[in-house]
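In the two complexes below, subunit A is the common chain; its partner is subunit B in one and subunit C in the other.
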Partner chain A sequence: MTSIRADRAGRPARLSWRIRLRRDRSLILMTLPAVVLLLVFNYVPLFGLATAFQEYDPLAGVWQSTWAGLYQFERLLSDSLFWGALKNTLWLSFVQLILFFPVPIALALLLNTVLSERIRNFIQSVVYLPHFFSWVLAVTIFQQMLGGAGALNQFLRGNDIGTWDIMTNPDTFALLVTSQVIWKEAGWGIIVFLAALAAINTDLYEAAAADGAGRWRRLWHITLPGLRSVIVLMLVLRLGNALSVGFEQFLIQRNAVGHDTAEVLDTFSFYYGIATGDYSYGAAAGLFKSVISLLLIWGANKLAHAFGEDGLYRK
Partner chain B sequence: MTLAIERASGDAAAKPLAAQAVRKKRKYERPVWEEPPTAVGQAAKGITLGGVLLVMLVPLWIIVVTSLSTQAAVNRAGGLVIWPTDITFEAYRVMLSDATVRTALLVSLGITAVGTLVSMAVSVMCAYGLSRSRSLGHRFILMLLIVTMFVNGGLIPTFLVVTGLGGYDQWWALILPSAVSVFNILILRSFYSSTSLDLIEAARIDGAGDWRILWSIVLPTSRAVTAVMALFYGVGYWNSFFNVMLYMPTDSEKWPLQYVLLTYVNRGNGMPGSVNNGFGDQFSQTAPLALQMAVVVLTLVPLLVVYPFVQKHFRTGVLTGAIKG
Partner chain C sequence: MGIELNRRNFLSAAVSAAGLVAMGPLLSACGGGGPSRAGVNSESALKAVLPTYVPNTSIKPDIPSIAGGPDVLTDPGFLGYPTNRVATVSGVPGKGGKYSAVTPLWGTIPPADNSFYQAMNKALGVELEMKPADGNNYNTIIPTMTAAKKLPDWINLPGWWNPQFNTGGLVGNQLADLTPYLSGDNVKKYPNLAAIPTAAWRAGAWGDKLYGIPSFSTGFKVAGVVFYRRDVLEAKGITADQVKSADDLMKLGKELTDAKAGVWAFDDVYRYIYTSFGAPLKWKVDNGKLIHVFETSEFLDAADWHRKLALAGYVHPDALAGDNAGSNTRFYAGKTLIGGGGQGAWNLADLQSGQAANPNYRRGAFNFFAADGKSTPRVDMGQSTDIVSYLNINLKPEQIEECLAVANYLAAPFGSAEYTMVNFGVEGTHFTMKDGVPTPTEAGMKEVQAKTYPFLAAPPSVVNNPTGDIVTKDLTAWQAANLKALAKPVFWGMNVSMPQAQATAEAAQPVEDTLKDVIHGKKSIQDLKDAVANWKSSGGGDRLIQWMNDNVLQKFGTGQ
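Right, the complex of A and B next:
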C-alpha cells in the first residue's frame, strides 16, 4: 500500500484501474453520500422537467401523464401574467445592477482607507451581520422601520407631516426591494473586493506617489485596474443571474404591493405551478427561466473573454 | 476549463500568511509617501461609515428596546420605543409560555442541529474524498457535482420528486433535498488539498488509512474553514421557511420559528401570506408590539451567540473563495 502511494511524490503512476480502485476505495466511498443526495435531488428532477411537456396528473405520475408537446409553452407566451413577471424580473434586475452593484465596491474602497485595524474589523463584523438574517427577519425589520406602523411613520405622525407607507406602495417597490438587498447583502459583498484590494502590491502606490500621482489618480490607475478582474467576474455572475432576483423576498412581500409589481419568474412558477396544482405549467415557466439563464451565463462569459478577462471559467 | 471558484479558493488557501505579513507592516501608521488626509475628506469618510453603522445597528437597537418595554412605554412612544424607560421581560415570559413558540423553537433548533450535522458530515467526507489528486474517478465525480451548480430541475420537478418519495409532511424533506451545497464542498476541498502532504504521508507510513487521516489530521488542521462552513449550513437551516411552506404548510406543530415569525408578524401588521392559526389569544391581550419584537429577537439570538466565534475566521482568506462563486 505505502509503496504504491510513494509514486505520488515523483514519477507519474501508471497503475491499472483495479489497483487504483483498491487503493482509493475509501475515498470513493466518502463521496458516496453526497453523490447519492445530488443524484436523487438534483439529477432525478432533471427528468422531472419532462412534466413541462406534459399535462401532468399527480395521480398518474410522470410516466403515465399525457404528453402535450409545447402546449404549456404556448400557454406561457400568451399569458399576460407571465410577461408581467418577466418584465418585473428584468426591471428589478436592472435596478439592482445600477443601484446595488457599485455599493460593495465603494464600501470596500472606503473601508480600505481606514488605517486603524480595530475600527476596520468592527465595521466589517457589523456590515456582514445582516447577510445571515433570513428574509423573513429582514423584511420584518424593514416593516418595523418603514411600514405603515413603523418607526418612520411614527416620527412623521408625531411631527404632523402625514404618513408615507413605503412597504405597500407599488410605485416605489423596486427601490424598496433594492434597498433591502443593499442593507442585507452589500456588507457581505465587500469581502471579495477587500481580498482583491489586499492583493494589490503596495509598492505600486509608493512608486506612483513618488511620481506625483495624487490619491485620486492612484485610485484610478492602480486600485481600479487591480479590482478589474474581480469586478468583471461579479458582473458576469450578476448578468448570468439576471432572471434570479431573489425568491423569498418577493414571496413574503408579494401580497402587500400586489402581484402586478412584485411577481417575478420564481414566484410565478410557485403560484401558478404548485399553489394551483398546475404543475406542468409551473415546470414550463421554470424550464424557460433555466434555459435563458444558461444562455445568459454563457453570453456574459463570452463577453468577459472578449474583454480579456477569465470570467467564470477559463477557455 | 477551470472554474473561477476553484482558482479563487485555491488562492485564498495560500493567502492568509502573506496577507498577515502585509498587515503587520502597515499597522496604524500612514505610509510616509501618502499625503496627509484633508479635514473634509476625513469628515466625509467618518460620516459615511458612521451612517452605514447606524443603518445596520439602529433597527436592531429599536427592536430590542421595544421588546423589553412595557405596554405603557409602547403607548407613550406611540409604537416602537427608542429610549428604554421601564425595562421588563414580560414579553419574553408571555412568549415562552406560548406553546406554539416553544414548539417552534424546539423545531428550529432540532432542524438546525440535525441538518448541520448531516450536511457537514456529507460535505466533509465528500470534500476529502475529492481532495487527493490522482485518485480514481475524482475528476468525474467533481464534474458530476459542478454540473448541478449550473443545471437543475428547478422548483417544481424537485417538489414532485420529494413528494413522490413520500416527503410530504416529513422532517427529512426539510433537510435532505438541500443538505449538499456543492459550493461549500468545493471550498472545503480546496482547503483539504492544501493540507501538508508531508503530514499525510507521515501518517500513512504509520499505517493510518484515509478515514483516520481525515479525522485526525485534515479536520484538526482546518478548524477555521470547518467552523465557517458549519455556520453557513446552520444559518441556512435556521433561516429556512419556504420548504416548510412547500412540504408541511398545514401542521403548525411542525413549524419552525421563521414560519411563526412570518405568520405572527403578518398578523400583527397585516402583512401578506398570513395563515391565521397557531397563536393563542393571549398575544392580542398583552403588549402585542413588545411581543412581536420579542419573537424577532428570539430568531436573532442563536445567530448572535454563534456569530462572534465564527466571525473572526471570515477575515483574510477564508471566505474570499466562498464569495467569488
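Right, the complex of A and C next:
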C-alpha cells in the first residue's frame, strides 16, 4: 500500500484536459479505429438487450414488439434447467481455475529455463498450434483418439482388455473438457507470461546468484514476484469470465454426455432462446449472465486492489 | 416435416401491417383453413380455390409415376437425359417488365449480370434481376427486408422457416394474393404451373387463398428412410424384405456388429423409425381427442427400442457421442451399415462418394414396416414441398400475370427445352452433351450450376441420375414398394401459425434433450416420462395441446 501512495504522490499535478488532448493527440488518433470497432460491435449491439424485457418478434423488430417487463426473468429464475446450467458453469469454471489456470504459468517457467533458442522456438510452435484449431477439430481429434471407436479403445478391444468410456461419461466430463482446454489453449496462454518473464531485470538474478541463492530461491524471490501483477491481472479477468467457460466445446459435446452435464449458460441461451425462437428468453439469460459477470469482475478487481495489486487498472 | 407449425404472435404482424395494436394472440392463418370468417369448413373452402391439375404428357418418363392414396404419387424416373427436348412454351413469356428476385443459395453466389442471366432474360422476355443470398444466413437476411417492408418483387420463403418468418402474417400484407390468377381452371392459362399437382399448392396457401408458387414438389414426401448398405448386406444374404419388424432389425444389430473390426450395425436411427411403432409424426386425433406424440405409449416404445439398441452395443460410438456430421463418412467406409436419412440422400453424388470408398457401394432402403410385424405399415406423409416463392403485393395485376408467365416457363417439365435452359444454360456456352448427359462447361460451373431460378418456380420432382441409373431404378422401385404405407397425418398441409409461448412448447427442447439421452442409453424411460410430465405441466405442453385443439382442430378440423 505504501508504495502505491508514494507512487501516487509522485505523479505530476493534473493537467487540464485541453493540454492533455493536445499532448496525446496522436495516441488518441491511433486508438480511434479500435474504439470505433468496439463501439460498433460491442456497444451498439447492447441496444438489443431491450429484447430481454419484451416478447420479441424478429419480424416486427425491437420497436414494435410487446413489452413484457421482467416476465422473462421470472421465467428464468423459476426454470430448473437454468439453475442446472448455472451450476454446471460454476463447477466447470472452478475445475478449470484449479487445473487449467496454473498450467500456462508452469509451462512459461519451464520454457524460460530452456536455453537453446532453437528448441524453445520448436516447443513454442508445437504448443501454440492447437490454439488455431477450431473446437470442432479439437473435439474430433479427441473423439478419434479416445472415443468409443477411437484409436485407444480399438486397441483395448483388439487385445480384449475391455473399453474405457472417456468421451461420453458424464461423471468425468469436467476433467475431459479441462484436459481439452489445456491441450488447446495452454500453449497460447503462456505468451503473456513469457513477456512478463522477459521484462524481469536479469541483474536481479545475477545479484541473487552472487549472494548464493539457489534455483528455487531465485524462482520464489525474483521470478514469481515479477510475474505477480500479470498473474493477478489474468486471475481477475478469469474470474470476471467465470460464467463463460466456452460455447462451441459444449455445444459439440452436449449430446455426448447429455444436457444435464454439459449445459452451460451460453448453450442454455442458445438452445432455449435462439434455437426454439424464444429470443427474449435467451436474451434474458444472456443479460443475467452479463450482470453477474460484471459483479464478479468488479469484485475480483476490488480484491486485487485490496492486496495492493494493479488489477485491471491502477487505482 | 409434415406440418411445420409456425410460432408467432399474429399481433406483431398486424402491428407492422396496420400500425394498430391488436390485443392478444390470434391464429394468423392456415392454408387449409385461415381465420374462418363464418365457421365454414376451411378444407372445402380451400378445395374450391386450389388449382386444377393438368398433368403434362409431352415428355414420357422411363419409369412412370404410380398413384397411391389421396395426393400420394411416386416420382417419375428418367434414365439418362431426354434427347428430344420439346418446347412447352411458345414465344417469349415476358413483355419487357423489370423485376427483382431473391432466392436462397447453398453454394457460391454467381457473378451478377453474367452471361447466363442475360441469356435467361432474353428467353424470358423480362429483366429479372436475380439476387441469390447465402442459404445458411437466409433467415437473418429476410427479416430485415420484411421489417422495413422492402421485399423484392419475387422472393422464396422456404416452409421450414415459417417459424421465423411468420409467412402467415406476411401474406396479404406484403405478399400478393394469387387466387384470382391461379384458382381452379384459371391456372390452365399457365400449363406448366397446372402440371404441378394440386396438393403442392397447399404449401403456399394461407387462409383459403393461394399465395405461393411451389417448387420441387413431390407426392412422396416422408420424414426419413432407414437406409442400409445393400452391397454388404446382400453379400451376407440379407435382403430388405427379410426385415418385417423391430425385432428383425434388432437381430440384424447382433448379426452385423463386429466392434473389434470397427463395424457397428447402426447409426442413430430413432427419428426414422419411431413412427413404425405407431407413434404419430406429431399429432393424432383419437375419438375426437387431440393427442400429442409425447402422450402416446408408442413414443415410449420407440424410445425404449432404440435405447436397447444402444445399450446392446449395436450403435456406433461416435453416433452415441452425438456426432451426426460424420454419419455419411461412417456409412461410406462401412463402419456403420444401417442409418437414417432423407430420400434426398439417395442420389448420384451419394453413389459417387460411396464408390470412391468402395467400388461395390450400393445404397438400399428398408421398406416401411410396423414394429410389431403384424399391423399394416403406415408412415405419415409430409407436405409436398418446403420451397415456395411469393410475389410482392405492390405488383400491379398485369405485372403479376407477367411474373406468372415467367413462372410457367421456369416450371417447364424435366427434359424440356425450357428446363434444359433453366438448369443447364445455353448449349455450347454453358454446357455440352457428353455421353447423352448435359455436362457443364467452365462458364456453366460458375454461372449456372448454382441453382437460382428453380427456387422461383420448378416442375414437380423427378428421379434422374445420369450415369447412375442404378440409383434411379433403386429409388423408384423402393417408392413403388412403399406407396401404400403413406398416409396423411392430421393437419396435413395446414400451415398453422401459433403464438410464441405455444411455439416454444411445441419445440419442447427439454423433452428432446432427454429423449436424446434415452435413445443413447444414458437415461431411463422413467426419465423420459418425467420429462414429458414436466413438459405438460410447466413447459406449456398442456396449454399447447389445448391451444391446438381450440384454435385449429375445433375451428378447422383435421384437414383430412
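Assume the second predicted complex is superposed on the first by the 270 of 315 C-alpha atoms of A that agree within 3 Å, B and C clash if a C-alpha of one lies under 4 Å from a C-alpha of the other, contacts with A are read in each partner's own complex, and residues count from 1 in each chain.
By definition in this document, a contact is a pair of C-beta atoms (placed from the backbone, for glycine too) under 8 Å apart; a residue touches a chain by one contact, two chains touch by 3 or more.
None of these values were measured; they are calculated from a predicted model.
Enquirer: Once chain A of both complexes is superposed, is A:Glu55 in touch with subunit B (first), subunit C (second), both, or neither?
Expert: A:Glu55: touches subunit C, not subunit B.
Enquirer: Quick one: classify A:His305 as touching subunit B (first), subunit C (second), both or neither.
Expert: neither
Enquirer: Classify the contacts of A:Leu81 with the two partner chains as first (subunit B alone), second (subunit C alone), both, or neither.
Expert: second
Enquirer: After the superposition on A, what does A:Arg238 contact: first (subunit B), second (subunit C), both or neither?
Expert: Neither partner.
Enquirer: With the two structures laid over each other on chain A, which partner does A:Ile191 touch: subunit B (first), subunit C (second), both, or neither?
Expert: A:Ile191 contacts subunit B only, not subunit C.
Enquirer: Quick check on the superposed pair: does A:Gln154 touch subunit B, subunit C, both, or neither? Answer first, second, both or neither.
Expert: Touch status of A:Gln154: both partners.
Enquirer: Between subunit B and subunit C, point out the one touching more subunit A residues.
Expert: The partner making contact with more of subunit A's residues is B.
Enquirer: What is the contact status of A:Arg228 with respect to subunit B (first) and subunit C (second): first, second, both, or neither?
Expert: Neither partner.
Enquirer: Looking at the overlay, what does A:Ala256 touch: subunit B (first), subunit C (second), both, or neither?
Expert: A:Ala256: touches subunit B and subunit C.
Enquirer: List the residues of subunit A that touch subunit B in one complex and subunit C in the other.
Expert: The overlap between the subunit B and subunit C interfaces on subunit A comprises residues 61, 140, 143, 147-150, 154, 157-158, 252-256.
Enquirer: Across the complex, what residues on subunit A touch subunit C?
Expert: 55, 57-61, 64-66, 81, 140, 143, 147-150, 153-154, 157-158, 167-168, 170, 252-260, 271-272, 275-278, 281
Enquirer: In the complex of these two chains, what residues of subunit B are touching subunit A?
Expert: Residues 1-4, 7, 12, 15, 19, 22-23, 26-31, 33-35, 45, 48-49, 52-53, 55-57, 59-60, 62-63, 77-80, 82, 121-123, 125-126, 128-130, 132-138, 141, 144-145, 148, 150-162, 164-165, 176-180, 182, 185, 201, 204-205, 209-211, 214, 231, 235, 238-242, 246, 258-259, 261-262, 265, 269, 271-273, 293, 296, 299-300, 303, 307-308, 311, 314-317, 319-320, 323-325.
Enquirer: Quick check on the complex: what are the subunit C residues that touch subunit A?
Expert: That would be residues 7-9, 11-13, 15-16, 143, 146-147, 163-166, 169-170, 259-260, 262, 264, 316-318, 320-323, 335, 500, 503-504, 507, 509-510, 513-514, 516-517, 520, 522-523 of subunit C.
Enquirer: Would you pull the subunit A residues touching subunit B in the complex into a rising list?
Expert: 2, 5, 8-9, 13, 17, 20-21, 23-24, 26-31, 33-35, 37-38, 40-49, 51, 56, 61-62, 107, 110-111, 113-117, 121, 123-130, 132-137, 139-141, 143-145, 147-151, 154, 157-158, 183, 187-189, 191-192, 195, 198-199, 202, 205-206, 209-210, 214-215, 230, 233, 237, 247-248, 251-256, 266, 269-270, 273-274, 279, 282-283, 286-287, 289-290, 294, 297, 310-315
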